[in-house]
Amino acid sequence: MNRIINNPDEVVEDALRGYLRAHPDILAATDNPRVLRERNAPRAGKVGVVTGGGSGHEPAFLGYIGENLIDAVAIGEIFSSPTAKSFHDAFVAADGGRGVACLYGNYAGDNMNVKMAIRQAAAHGLTVKTVVANDDVPSAPKDQREKRRGVAGEILMWKVGGAKATEGADLDGVIATAQKAIDNTRSIGIGLSACTIPAAGKPNFSIADGMMEVGIGHHGEPGIEVGPIRPARELADLMLDTVLPDLPFAPGDNVAVLVSGLGATPVMELYILYDHIAEVLSSHDISIKHHFVGNYFTSLEMMGVTLTLMKLDDELDRLLAAPAHSIGMTRIAR
Amino acid sequence: MSSVVLADAGGVVLELAEVINANRAWLSEIDGAIGDGDHGINMSKGFSQAAAALGKAGGGLAAAFTTLGDTLLGGIGGSMGPLYGSFFLDLGSTLDGHAVLDAALFSKALHTGLASLQDLGNAKVGDKTLLDTLVPALDAFDAAVAGGADFGAALSAMRAAAETGRDSTKDLVAKIGRAARLGERSRGVLDAGAASCCLLLQTMAAGLQRRLT
Amino acid sequence: MNRIINNPDEVVEDALRGYLRAHPDILAATDNPRVLRERNAPRAGKVGVVTGGGSGHEPAFLGYIGENLIDAVAIGEIFSSPTAKSFHDAFVAADGGRGVACLYGNYAGDNMNVKMAIRQAAAHGLTVKTVVANDDVPSAPKDQREKRRGVAGEILMWKVGGAKATEGADLDGVIATAQKAIDNTRSIGIGLSACTIPAAGKPNFSIADGMMEVGIGHHGEPGIEVGPIRPARELADLMLDTVLPDLPFAPGDNVAVLVSGLGATPVMELYILYDHIAEVLSSHDISIKHHFVGNYFTSLEMMGVTLTLMKLDDELDRLLAAPAHSIGMTRIAR
Amino acid sequence: MSSVVLADAGGVVLELAEVINANRAWLSEIDGAIGDGDHGINMSKGFSQAAAALGKAGGGLAAAFTTLGDTLLGGIGGSMGPLYGSFFLDLGSTLDGHAVLDAALFSKALHTGLASLQDLGNAKVGDKTLLDTLVPALDAFDAAVAGGADFGAALSAMRAAAETGRDSTKDLVAKIGRAARLGERSRGVLDAGAASCCLLLQTMAAGLQRRLT
C-alpha cells in the first residue's frame, strides 16, 4: 500500500484539516469535527441541504459543499456511514429555520444513522425530510428499486436540490424536486481494479488483470458480471444498454450525462468513453443538455468508471444550469 | 449465586473492550472475506473510545452500558454504530435504577436491545448477521431459565449457544449488508458481526459469572 | 492493464474527440488533428501563448487552454513530444499578429521539435520566442539548472504568461514575465507506483510495495532516492527540504503552492500533504497567497505527488489571481 | 557494379519500413529496459505512415527518403521524429537531382544527415545513442572506400560496423535521453536507438547492394 498518510486510522481527520486550510472561501468547521458546513450556512430563510457518507469518495461528499449546493455534510470513516450524531449535527449546521432536506445514498449504515439522527432532531423541533438516492441500476432489479444503491447520481440530485433551495422553495418543494431528480436518474459502474482502505492495508476484493466487474458498487460491492475488458466503445454500449431501458430514456429526451472516474483511471479514458456515449445517445435521438466528465465520485484508487444519466424536464434543466461553486464542481453563469 | 451487584460491575464493559481489541485483526479478516475488511477496525475504535471514557474502574454497569452505547452511536458510524449502539443503550436503560441484575432482568434487557436492533436493521435470523448469534444465544438463555437453571448456568447455556450461532453463519448465504450481493459466494465463511457478537456475549457472560454473588 | 480504451495506438485520437465534444465552450479543433486552440484564438493584437507536450498528463496540457491562459496546444503521443509540425501549427493557430510565446518543458524531444518548428515559423515571418520550464529540482544540480526537467511548475508559468498576454504585453514582455515565473519556481515529485503506457501494455519501471521514489519524473524518470515510504508529514519535510534551499525561499516570502497528484493517489491524501506543507511554510514565515491542490499534472495512473512552490512578487501575484477558465483550472473573479 | 540507379530505388525505403515493423516489439522491449518502452511503437508508426504514403513501388530513392523524413517529422514527434526525420530529409535532399548513387554521394549524404542529427541532438559517440551505431558505420564505409573498396564492398563494411557499433552500446552508461538518469543502472543492455539504427543501416546497405549495377 503506497500512500501519503500518517496514522492509517486518522486519514479522515488529517485530510479534513487540509481541506479546511485550503478552502476557507468555501468551507467552515463546526463543533463536530466530522461535520463541515458552507461558510455562510445556515442561511436564514433557506431550506438547509445536507448530505453525508463515508470518506474515500472525494470530491464527494464534502466537495459539493458550496453556494447553491450543499450546506452541511456529515463525514464518516473511509467507506463507512457517518454517525447518527454527525448527521444530526449537520442538520443543525444547515438549519436556516425552514427545515432540512437530507439528500443521501441508499446504504444500510446511512439509512440507520439518518433515521436515528432525524429522531434526535425531531426531539428538539427540527424537521428533516429525506430523499434516498437509488440510481445504481445493477444493484437490484427494477421492481426492487428501493434496494438499489445510490451512486454518482447523488451529485446531480445535490445540484438540483441545492439550486431549488436557493430559489426559495420550502422543504416539501426541495424534497419533491430532489426526489424527481433521482427518480429520473440511472447509473451503472464498471470496476477495473480494487482499492485499499488505509486502515485495512490490503484490498478486500480483487479484479484480475484484463478483467472488469460490471455493475460494481462504490465500495467494491460485487456487480452483475465479471468478464474480460472490452473496448471502450463496447463498454459504452454495455452501460447504455443497462441504463437506457430502465427508466426508460426515449427518443426526444433531454438528458444530463455524468461520466465519473473511480479514482485511478486516467482522465483521458473518461473522455474516450464520453465520446462513444455521446455518439450512441445522439443515435437514439437523445440530447445532452448538461455533461460532466471527470473524477466526481471516486472510490479511493479504484480504476473504473460510472455513467449517470438524468432525464430532464424544464425545471431540472434550469436547476442544473444554475451557477455553483464548490471543490468538486464549479458552474459559471453564462 | 444468582445475581450481580450492578454498582460494581462496570468493569464488564472494559472486558468487552479488551476482547474486541484483542480480536481486531481477526474480525477484520473475517469481514474481508465477504465484506469490506473493517469490522475489527470499526469495533475496536468504538470500544476503545468507550473504555477511555469509562476510565479504569468502569463504575456501575448500567451507566457503563449507556456510555458504551452513546460512544458507539457518536463515535463509529457505519452499521455497527447504530446497531450495537442502540443495543447497549437499551441494556443500560433497562438496568438503570436497579441495584442487582438477575436472570429475569438480564433477559429483559437483552430482549429490549434486540428489539431496537431489529427495528433499525430489519434483519432476521438466517440472514447471516450478528442476529444469528444473538437470537439463539438469548433463546438458549431463556430456555435454560425456563428449565430451572440459575443465572450462572443460564449464562453458560448462552455462551455455548452464541458459539453455535456464530458457527451457523458459515453455511448461510448473506441476505443483508455488504455481503448480500455476493449471493452464493458468501457461503463458507463466518459472518464478522456474528463473530464479534459471540465475543461480546461470551465475555459478558463470563464477566457476569465471575461477579455472581 | 485494465483500461478504458479502444486501439491502444489510438488513445490520443480517441480522447481528443471526446475533449472536443465535451468542451466546445472552451476548445476548438484546427486543421492539424494534434493541435487544439482556444475557441476564440487567435485573438488579434494579443501575443499568442502556446504549449505542448506528450499526452497522459491530463489535464495538462490541453486542459489549460482557455481565456487568460493558453491559446493553442500541440499534442503528442502518450509521454512523447508532439511533432515539429504540430508545434508549428499551434504557433499559427495562436498567432494574433504580435508573435507567439511558446512556454514548454525541458525535454529532449520537445526541445528539438520546438527548435525545428520555430525555424519553420521564421521562414514565413512568424516570430516565436520560448521559455523552457526547468522547475524540477531533483533532476539536476543547481549549477546545471538548464538540464532540469519541467514539471508541474509549467502550470503556474502558463497561468502567469497567459494573464500577461491578456493584459496586452508584447512578446518580449510575456517572455520576460514567464521566464521570471519559472525562475522563481521549484518542484519535486515523489512516485509511489508505476504506470502503463497503453501501447506498451506493461509498466516500464516499478516501485515496490511500501517503497517510494523521491525525485521521480513525470514519465517515471528515476529520482534521487528509493526508500521506504514515510509518513505524510515526513514527506512534506523531505519535499520542502529539497525545494526551499534551492531558490532559496526565505522568511517573509509570499508563495504560490501547487500540490498535484500523479493520477491514482486519492485526492484526500493530497490534502493530508498540503496541510503539513502549509504548516511547515508557516513555521518558516513563508505566506501562501495562492494554492492549488488536486490532479493538475498527472502521469497516467501513477500514484504519487508533486509539490511546486513559486516565489511571488506583486506582478506574479496579480497574474496568478487573474480569472481564468479551462478544463484543468478555473479561477473565479472575487 | 558500383552504383545504384536512383529512379528505381525507392523500394529501399519500403524495406526499411518492413524491418522496423518486423522488429517493433523487440525495439520496444530494449527501450523498456532503460527507457520508456515505446521505441518500437514510435518507429513503426512513422515508418508505416511513410510506407503508406509511398505506395507499393516506392518511386525514386531521393523522393522516398524525403517522404520518409517528412513523415517522421510530421508524424511521430518525440526525439525520433526530428532526429531520424532530419537525417532522412538530408539523405533525400543530398540525393535529389542525381541519377545514380555512388559511394562518394552516399558518404556525402550520410555525413550531411549525421551533421543535422548531431546539431539537433547534441549527442556524441559514447553517449549510448543511435550515434554509436551510425558514426562507426559511416567511418567504416569511408575507410573501406579510402582503402580501395568498391561501393558494394564498402556497404558490407558498413553493415558489419553497424552491428559492432550497436553492440558497443551494451557496455556504455547512457549520457543522454531518458536512460541517462539511470547512471550506472543503464549499463548492460543495448540502446534502443542504436538497435533501430543498425537495422536501418543494414537493411539500407543490403537494399542498395541488391540494386547495384
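Here the chain labels run A, B, C and D in written order, and each chain numbers its own residues starting at 1.
Simple rule for what comes next: a contact is a pair of C-beta atoms (placed from the backbone, for glycine too) under 8 Å apart; a residue touches a chain by one contact, two chains touch by 3 or more.
The structure presented is a predicted model; accordingly, all values stated were derived computationally and were not measured.
Could you please state the distance in Å, as a whole number, between where the Cα atoms of chain A are centred and where those of chain B are centred?
Whole-Å distance between the two chain centres: 33.
If you average the CA atoms of chain B and of chain C, how many Å lie between those two points?
55
Find the geometric centre of each of chain B and chain D from their Cα atoms only, then give the gap between the two centres in Å, rounded to an integer.
The computed centroid separation for chain B versus chain D comes out at 76 Å.
Which chain B residues reach two or more other chains?
Residues of chain B never touch two or more of the other chains.
Examine which chains touch each other and state the graph shape they make (line, ring, star, complete, other).
The chain contacts form an open line.
If we use the touch criterion from the header, which chain pairs count as touching?
Per the contact definition above, the touching pairs are A-B, A-C, C-D.
Provide the residue numbers of chain B that touch chain A in the complex, in ascending order.
Checking each residue of chain B against chain A gives 28, 31-32, 35-38, 41-42, 45, 73-79, 81-83, 85-86, 120-121, 176-178, 181-182, 185.
Where on chain C does chain D make contact in their complex?
Where chain C meets chain D, its residues are 9, 54, 76-86, 108-109, 112-113, 115-116, 139, 197, 199-200, 202, 204, 217, 219-222.
Which chain A residues qualify as touching chain C in the complex?
Touching chain C from chain A are residues 1-7, 11-12, 14-15, 17-19, 21-22, 25, 55-56, 58-59, 192-193, 207, 209-212, 229, 231-233, 235, 263-275, 278, 291, 293, 295, 298, 300-301, 303, 305, 325, 330, 332, 334.
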